[in-house]
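Structure provided below as structure tokens; questions to follow.
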Amino acid sequence: MSTFSIDVANTLAGFLVLASFLMLYQVRLPALLNMLGLHAFILAMAVAWQAYAQGAPELYVTALIALVFKAGVIPVALQRMVVRLGIHRELEAVTGIGLTMLAGIGLVALSLEVMLPVTAHADPLTREYIALALSVVLLGLLMMVTRRNAVSQVAAFLSMENGIDLAAAAAQGMPLVVEISIAFSVLIAFLVIGVFLFRIRERFDTVDVRALDEFRGERR
Amino acid sequence: MTPLLGVLGAPLLGAAILAALSGYRLSARVNIAASFVAFASALLLFVDRPAGGRVLLVDDLNVVFIVLSTFVGFTTSIFSASYIGHELETGRLTPAYLRFYHAMFQVMMFGMNLALVSNNIGLIWVAVELATLSTVMMVGIYRTHEAIEAAWKYFILGSVGIGLALFGTILVYLAARPVVGGGMDGMAWTVLLAHAAGFDPALLDVAFVFLLLGYGTKVGLAPMHAWLPDAHAEGPTPISAVLSGLLLNVALYALLRFKVLLAACPGGIAPGPLLITLGLVSLLFASVMLYRRRDIKRMFAYSSIEHMGIIVFAFGMAGPLGNFAGLLQMVMHSLTKSAIFFSVGHVAQVKRTQRIAEMGGLTESHPLLGWSLIVGVAAIAGLPPFGVFTSEFLVVTSTFARAPLLAVLLVLGLLIALGALLLRVSSVAFGPVRGPAAPSHASFVPMFAHLALVLIAGVWLPAPLVAWFQHVAVLLG
Amino acid sequence: MILVLVCVLALLAAGVAGAVRARVPEGRPIVYGASLGACAVAGLTGLASIGLAPSTLTLPLGLPWIGAHLRLDALSAFFVFVVNLGGAGASLYALGYARHESAPERVLPFYPVFLAALNLVVIADDAFSFLFAWELMSLASWALVVAHHRAAENVRAGYVYLIMAAVSGMALLLAFGLLAGPGGHYDFASMRAAVATPGIAALALVLVLIGTGAKAGLIPLHAWLPLAHPAAPSHVSALMSGVMTKVAVYAFVRIAFDLLGTPPWWAAVLVLAAGGVTAVLGVLYAVMEHDLKRLLANHTVENIGIIFIGLGLAMAFRANGVAAGAALALTAALFHVFNHAVFKSLLFFGAGAVLTATGERDMERLGGLIHRMPGTSFAFLIGCAAISALPPLNGFVSEWLTFQAMLLRPDLPQWGLKVMIPTDGALLALAAALAGACFVKAFGVTFLGRARTQAATAAQEVDRWSLAAMFGFAALCLLAGVLPGALVDLLAPAVRALVGQSMPAQLALPWLSLIPVAAARSSYNGLLIFGFIAASTWLTIMVVHRFASHALRRAPAWDCGFPDARPQTQYTASSFAQPLRRVFGGALFAARETVTVPPPGDIGPARIEKEIHDPIWERMYAPVGNAVWRASGTMNRLQFLTIRRYLAMVFVALVALLLALALWQ
Amino acid sequence: MIGALLVQLAQMALVLLAAPLLTGWVRRVKARLQRRRGPPLLQPYRELYRLIGKEAVIAENASWLFRTAPYLIFALTWVGASLVPTFATGLLFSWTGDLIAIIALLGAARFLLALAGMDIGTSFGGIGASREVMIASFAEPAMLMIVLTLALVAGSTQLSTIAEFMLASASLRVSLALALVAFLIVAIAENGRIPVDNPATHLELTMVHEAMVLEYSGRHLAMIELAASLKLVLSLSAIACIFVPIGLLRGSDGSGGYAIGLAAYAAKLAVAGALLGTFELAIAKMRVFRVPSLLGGALMLGLLATLLLYVARGM
């Protein structure tokens, strides 16, 4: 394994974390969805590089799925949905953006702190990837927590899935079964989300989760 | 491989047929038939256990789960026939949704059975996801505000949980790769377990944290529990019964497998304290939450959280007694809680409400339903002569001898929960009759069958079953 | 052993029959007849096996790798006898009484099961079977307590009852956990064989005291008892008060004396303190009460206190190696167990008879029943006298024995015992005297004087079954009082098995006296006392009839020149208790009386209002309940969070765990 | 054996005969101290005779309990009194009951009397019964504490043994002094004497004992009165035999001592009666609700005496 390929891989993974931060920073829905596309694109690049570096051709499939489906279909579909729902206006984060970013940096530090020591024996190609993938997962979760809009939550969720994808790609020799299943579940997940958003659109005038909360079961 | 074919194929085939059928009577019967075939095949696993391979596996541990799962699935399908019939009459469900419901029921059964028999940590993840998604669909089936909200909540929390679980799975694979090499071997239970001693313990620790939180979400452990009460309360009651009786167990099963793996790896953190902490938190939290419940199904959902807390606690205490108690408690909880949901389902139908305040004097207006509910609550509260008593006896006594403070907390939780359940069930079952008193056309057979099993288990546990449980308990470490 | 087991099975079968045949008229005689027969056989078996060697039996039930161990030793046999004596009496009584039952389908299935569970508790020989039967007993009696479920207070009583029963079960569960050890040796034989360290023994003893005390009604764990016992149908109340509390005493004796080895002396101080406080407070609660059945239930608390004083004494002696003293004290306690089972059942039967005849439990609405219910009132009077420890009846004997035990060895070395034993003497004496007051009130207000309501005027004597049960128990009260030696000798094997020595054999003594230690020290002869009283009464009557005027005239009572003597002008239960309430209630119960006298010239009535607080409920139970309720209110906010916040909870949990892991590594 | 039986019967007869005489004596002493001549000593006998001869008038709703109670009360008191050593210890049946049993016999008599008081259903019976049990609820435990004290000193609860112990090894002890004071208070309360109750009053609101027996007349009243006198004898005899056992004939002594024993007994009763009369004149009756503090004091004295003994034992 050459140092070069490790460096490239690490750089790509680092870009993915950066993309997560960009998503965290975005306050407008269309921009956020663009960032989501970018996020998935970087993921596809990173996976492809892994495929090349590991000499594992099946990972190219995964990269392709990520490129076409996650970077292409989903953001576009969500963009349309946003437009159809008429919510392509500004969205607010709960806490201040600055605070969120600080928390995100903390999370990255945490994931490095947790993962780097434990993967000491692992392949260097894997090592950084896993740590950064964990950062992406945690950042995705943080975003889900700080966002109120259902669409942005879905976007955050997908970014989290990307992190998991990254980790799966880094795990050398992991059977294709997993990638396919990931793809399938993401597809299904998206279908379900679509159904739900449709229903939510049907029943409520907004997809703001707050509106859903008005109908919690036991409120007097 | 024939029994496994039945266990997996019957639901799959059933789902396909049911998706095409539209008549209520016929589809209900097909539903029952498919569930029965699965159950019968599961029973066959006792006599004809397939060797298993890299993909599928039948061992002592999961046979317990498979049989239990198919049995509860079967009884629930019987209950579901009469329950759904009533829903059609009242117009809460339309025939179109009915077709969807029945197909989804079998898909869910397939997912759960697949999760239980798979020998692959990736496959189990996929199967759990499948079961989750199908239940999400069914929770939202009434399309009321509350149902949609519950389903949405369930979906989001479930997806995040499953995401964490996948990340954990990948980490496990990573830990295994240097030892067993890549490929399918790196994801097969049997292989993993055999080589667990050589894994990097630190990596396995991190993996377990993710798996605990991920599958723990599905188990309904606090603080990841939030989806559970609403999903139970707003979906059709057969789904509540299956959720409590089966889905939680399936997630628990996955958790147990990973726990065994971690325990087999020297140098890793002990999984016990984590499980004990989460178990106690869930138990205490849920038992306190029980007091303010106004919706009867949601109340029993919290009771499920409480019991999952106890079970996880017991597995966390481990040792032959702790594991035995955990297994027993799990089986008993499945049977009892689904029986309670059968009863509650009919009660809610005859009283045309789920609000506790609007029910009363049930033992007078509907003696059979009322007394079954009381018996069920007595059983779930851990009173003899029912099986939960046996397991709680073992959990508490074995814990107290080892960690008195934990046992005191456990007992506190149990008492608080008993107080709440009894308070509510007293007001539902006794006092002057409130709500409609029209006779119910309930199917009592599944309910009575479950309660009878729980009763028998409380008095007498067959020796082979015990030997088997003990063997499994030893496997669990 | 086998016979007892067969009887238990017969009772369970009767329960099933009760469930199936509840609504048909012949269900009642079938169930109660079967219960009567089973209890009679089991009781006689118990009586016959007291002196025999322990017999054991292991059934392949319960905990599989241990099985259900059953054992009938002297102690169990005695309690089997007591349990089934009470059970047989209650069944006999119920043959008549239950005719008036409004909801037989809520009583018949559970009554025999309750009896079976009572029997099972005393013959169980492993922790699992024991607790199984113990909780089953609670559950069955709970169902009976809520039998009349339309009254909200009954359901509430059942609620409090089952909670406390669960507390008791949990405490015992923990105690057994300690005794069984991590290896899970749940059978009593291993527990006996294992030597508990002092620390473990002490902790286990405290837990056992809580566990059995909550079931027996030891203050402050008694709160459920005066609620639950009266709520059940009267024959069940009799069983709960007369028998079930005794089964709790059995549990304490079994664990504290048999399984636990010898607990330290301070445990005896604890038991003595609990017993003394319970005795006095219990009877004070009873004195203030004007609901007949609740009065009796409160009074059960007092008797439990007396029994525990005896048990505490026995523990004190045992801790100091004074076997003779321990034997005497334990005999006294067990004697009182028998006594209380008999007379409390009798009194509850009487209360049930009054309830049947008048539909009233409130003494303020009764009165003058002695004229309309002569049989009931006579039996009730015997019960009142016996429970007030009046010679020559049985209650006196056990209290006398307890006093003798206190006096036996004043030279115990420990300070705690030196202070506690005489204090308990004073408390016991106070309780005994107050019990007299309490039952003067109970009998006087209910049966004497003039009828206060129409219902009391129209009362009819009850049926023969009920009367037979009452008179049978009244005869037992007299018999055990007159021939106490027989009972003491009967108890000897059980006592010997537990403390290594028993009281000297009594039946061989001249004149059938009762001599606990030595004739010079103390002796009591119930037979002669009874003979003397009978003879001198007879003599007096003879003399008076021979020499005195026979003329008798009925005339209106002296009205003090105030001719409007309505029954309402009689002394009521509340007014009767007023002096005692003033003396004791002010400090203990925050009792207050407010008298409102209209100004001069106003012809409106003067009013007196009384107010009583139960300090234990208000300081102990209510705060716990409120705390749980408040906690649930606070936590309940978690039910109404947004999905985002739930996610945040997951997120925080994840980050926390990862942080912990990072720090740990 | 026959002789012993005769002595026992003589004891029973003695207390019975002495009872009215003692009552007469106390009344006489009080009258003389008030500078009245007072009734003759034998007046109580005459009263009893007259009452027995009279027609009994009972209230319309009196039950069988009301009619039988006087006889039972009398019999119980009598049996109790017969068990107290008067002139000799160790009589044939002295072991039948100890001091605790005697107290319990008196308790039984009081129990019946209180019930009889409530039987008619007037306020007076109730007020009397209620106050009586309130007083008893203090007097009885106080008495039992005295018994415990004595039993600890003498090693027995048998009155005969206690008396013999006192006779043999009388020594001044703090506990005994406390017990004596307590005993005197209790005896006054038990017998319904001033300051606890006034046996001569007929003002309803202050009555205790008299209120309970208000409805009795004729032969029934005679029995009650006799029982009350007997109880006074019993109390004074008990005090005499425990605290002043001088002249008491021991069971082992020969029959020659009977005369001494009887004389000593008569003297003791006479002195005690005189003291009682004097005391009653010197003090005013208490309010009913002051009585518990008096008797509570007695209870505390008894407890203190017992505690002292317990503590002293281990030294």
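We call the chains A, B, C and D, going by the order they appear; numbering starts again at 1 in every chain.
Note that in this section a contact is a pair of C-beta atoms (placed from the backbone, for glycine too) under 8 Å apart; a residue touches a chain by one contact, two chains touch by 3 or more.
The model shown is predicted, which means the values in this text are computed figures rather than measured ones.
Visitor: What chains do subunit A and subunit B have as common neighbours?
Guide: Where subunit A and subunit B share a partner, that partner set is C.
Visitor: Hop across touching chains from subunit B and tell me the fewest hops that reach subunit D.
Guide: So the least number of steps between the two chains is 2.
Visitor: Would you mind telling me which chain pair, B-C or A-C, is linked by more contacting C-beta pairs?
Guide: Counting C-beta pairs in contact for B-C and A-C gives the edge to B-C.
Visitor: With centres defined as the mean C-alpha position, give me the subunit B-subunit C separation in Å.
Guide: Once rounded, the distance between the two centres reads 43 Å.
Visitor: In angstrom, rounded to a whole number, how far apart do the mean CA points of subunit A and subunit D lie?
Guide: Taking the average C-alpha coordinate of subunit A and of subunit D, the gap between them is 99 Å.
Visitor: Please work out the Cα centroid separation of subunit A and subunit C, and write it as a whole number of Å.
Guide: Measuring from centre to centre gives 68 Å for this pair.
Visitor: When the C-alpha atoms of subunit C and subunit D are each averaged to a single point, how far apart are the two points in Å?
Guide: 35
Visitor: So which stretches of subunit C touch two or more other chains?
Guide: Touching at least two other chains: 639, 641, 643, 647, 650, 654, 658, 661, 665.
Visitor: Two or more other chains in contact with one residue: find those residues in subunit D.
Guide: There are none in subunit D.
Visitor: I need the residues of subunit B touching at least two other chains; which ones are they?
Guide: 152, 156, 160, 164, 202, 205-206, 229, 292
Visitor: All pairs of touching chains, please: list them by chain label.
Guide: So, checking each combination of chains, I get A-B, A-C, B-C, C-D as the touching pairs.
Visitor: Within their complex, state which residues of subunit A touch subunit C.
Guide: By the definition above, subunit A touches subunit C via 94, 107, 110-111, 113-114, 117-118, 138, 141-142, 144-148, 153, 209-210, 212-213, 216, 218-219.
Visitor: Once bound in the complex, which stretches of subunit A touch subunit B?
Guide: Residue list for subunit A touching subunit B: 114-115, 117-119, 121-122, 126, 130, 133-134, 137, 141, 144, 153, 157, 160-161, 163-164, 167-168, 171-175, 177-178, 181-182, 184-185, 188-189, 192-193, 196, 199-200, 203-204, 209, 212-213, 215-218.
Visitor: Touching subunit C in the complex: which residues of subunit D?
Guide: So the residues of subunit D in touch with subunit C come to 52-65, 71-72, 74-76, 78-79, 82, 93, 95-98, 100-101, 104-105, 107-108, 110-111, 114-115, 118-127, 129-131, 133-134, 136-141, 143-145, 147-148, 151-152, 155-158, 161, 204, 214-215, 218-219, 222-223, 288-289, 292, 299, 302-303, 306-307, 309-311, 313-314.
Visitor: For subunit C, which residues count as touching subunit A in their complex?
Guide: It is residues 639-644, 647-648, 650-651, 654-655, 658-659, 661-662, 665 of subunit C that touch subunit A.
Visitor: Which residues of subunit B touch subunit C in the complex?
Guide: 152-153, 156-157, 160-161, 164, 202, 205-206, 209-210, 212-213, 217, 223-224, 226-227, 229, 269, 274, 285, 288-292, 319, 321, 361, 363-364, 367, 378, 381, 383-385, 389-390, 393-394, 396-402, 404, 407-408, 411, 414-416, 418-420, 422-423, 426-427, 429-432, 458-461, 463, 466, 470
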